[in-house]
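Have a look at the structure below, then the notes.
The first chain written gets the first letter, and so on, giving A, B, C and D; residue counts start at 1 in each chain.
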Amino acid sequence: MKKVLVTYYSRTGNTAEMARMIADGLVDKGLEVILKRVEEVNMDSITEFDGFVVGSPNYFGTMAWPVKKFVDESVKFFKKLDGKAAAAFTSEGMIGGGGDLVVLDILKAFLIHGCVVQGLTSAGHFGPVAVGKPDERIGKEVAVLVEKFAALVERL
Amino acid sequence: MKKVLVTYYSRTGNTAEMARMIADGLVDKGLEVILKRVEEVNMDSITEFDGFVVGSPNYFGTMAWPVKKFVDESVKFFKKLDGKAAAAFTSEGMIGGGGDLVVLDILKAFLIHGCVVQGLTSAGHFGPVAVGKPDERIGKEVAVLVEKFAALVERL
Amino acid sequence: MKKVLVTYYSRTGNTAEMARMIADGLVDKGLEVILKRVEEVNMDSITEFDGFVVGSPNYFGTMAWPVKKFVDESVKFFKKLDGKAAAAFTSEGMIGGGGDLVVLDILKAFLIHGCVVQGLTSAGHFGPVAVGKPDERIGKEVAVLVEKFAALVERL
Amino acid sequence: MKKVLVTYYSRTGNTAEMARMIADGLVDKGLEVILKRVEEVNMDSITEFDGFVVGSPNYFGTMAWPVKKFVDESVKFFKKLDGKAAAAFTSEGMIGGGGDLVVLDILKAFLIHGCVVQGLTSAGHFGPVAVGKPDERIGKEVAVLVEKFAALVERL
């Protein structure tokens, strides 16, 4: 059984809600899923996972610093995550706030780890971008991400 | 009197409408404004301008090719636009489509020209991003851009 | 036999040379490779490919307009490239010229097409970035890209 | 007398050395300069400055987390830095490591603050990118940044 880490930082609860939706969806697809706040991830466990789904609120057009701290500390396992799958999502306060930049910055970090990422043709192109509390649009986007990501993890 | 070029590519008319709104606003601020489609700009005239406002629909997360052609051909005046003001705007079909990336890619090109850009604290952070036909939200964002850009052109 | 398109724009010949190195490497890995300038690609053939490797010189921090034109016209096959592999490379005149941005902008476009991309841990993180004429460093980077990309195409 | 904050994070000392070079240059241009590690900046003092020059090593293609923490905490003064000048620089281990992305991510954050930034036509386009220990090339790039930034601060 493939094993996936869904991890996130959240202050208002919006990014946390997206993380739960994604984790629930991936469990339904038959994956083993660990859902944790970034502050609580045991870094020494990360090489056990076949894939990573990482979420952050949009703070100044990129990931919040606790997510960046998690990413920076993962350097301990540089070259050990090569070929694993990665995906990202974000939540922001307004349209035009740069949410796509946050998603891309997270993906960029996992590409540097040698991970594999896939774009989405029928949702936020790089990953779901919630504006405020996750709504019906986000429900659909999460469903697309879950389906594509579960398939990618299985194929790799 | 400071002179500004507002130029854009548009197929559906949405980006063209934003361009007209911006040009009208800048005229109201007392600037001399030339409004032209990118295909019709006389490249040899670009050093006459004190500022540039450039718009493109979001095509694959960056500017449409006719806008890129305009940018590429402006290399003829590399180092001659140094210190002039620049701003950007975009129009896209859906939230999460990456509109901020388009705006940033246009700004990136003008930064390479040595231009000066300013972010916006009460609108799309890097420039207006319309979702479909420009609506009331875009009217407000354009007003913010116009005010900030006109002031920047005057100060430089 | 998996089939890959290696396509590029080149004016000075540096990007063309990288394209040939990549195409040769992929042939050695047992793939069927079509190598063409972007201006000469028959767009109606692109759904036949299992993967795309796209190169551009760095013009103003993103791809040259003929490459963007190729990308824009590929919208005709939007949703038809879903799940295929993509990679990118660039050539620029100087260190700090923004070559990584060019590679990422090309990858961004193929992510919007639903393609799958992989980062590199022992080369330019997103794809090879030549500074001037491709040198020994680029030879090594191309070898890394070829190995990872051929394996990715086979796995998908 | 205009007052500028030069702040940075550094572990190996390379980014710190760039910060000192920039601070020295700005003092020579007649500006009052405060040079501090990001961890030591008194956030309540930041509205006193007319400009910010921020440096970070390249960690996973964006700023190191202590720099992001500094940026995130500056939200306390959102809209209070509007119209001030900003610039950025980075240090990385290898060519093609994505240093331009780090510089742009820092600039993006200050654009969101409403700051004004200028590109450079005769240096790393968005700001100096050192590869390893700052060398003669970086000395020249720092000189270009210092001259442009000092002039921008005076004009705004």
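Everything that follows uses one rule, which is that a residue touches a chain if its C-beta (ideal position, glycine included) is under 8 Å from a C-beta of that chain, and two chains touch if they have at least 3 such contacts.
Every value quoted in this text rests on a predicted model; they were computed, and no experiment measured them.
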item: A-D or A-B - the one linked by more C-beta pairs in contact; value: A-D
item: Most widely separated chain from chain D, with each centre as the mean of CA atoms; value: C
item: Length of the line joining the C-alpha centres of chain A and chain C, rounded to whole Å; value: 26
item: Where chain A and chain B are represented by their mean Cα positions, the distance between them in whole Å; value: 33
item: Distance from chain D to chain A - Cα centre to Cα centre, in angstrom; value: 29
item: Residues of chain A touching at least two other chains; value: 61, 98, 101, 104, 108, 111-113, 125-126
item: For the chain B and chain C complex, residues of the former touching the latter; value: 59-66, 68-69, 71-72, 75, 98, 101, 105, 108-109, 111-113
item: Chain C-facing residues of chain D, complex; value: 61, 95-101, 104, 123-126, 128-129, 131, 137, 141
item: Chain B contact footprint on chain D (complex, rising order); value: 78-79, 82-83, 104, 108, 110-122, 125-126, 148, 152, 155-156
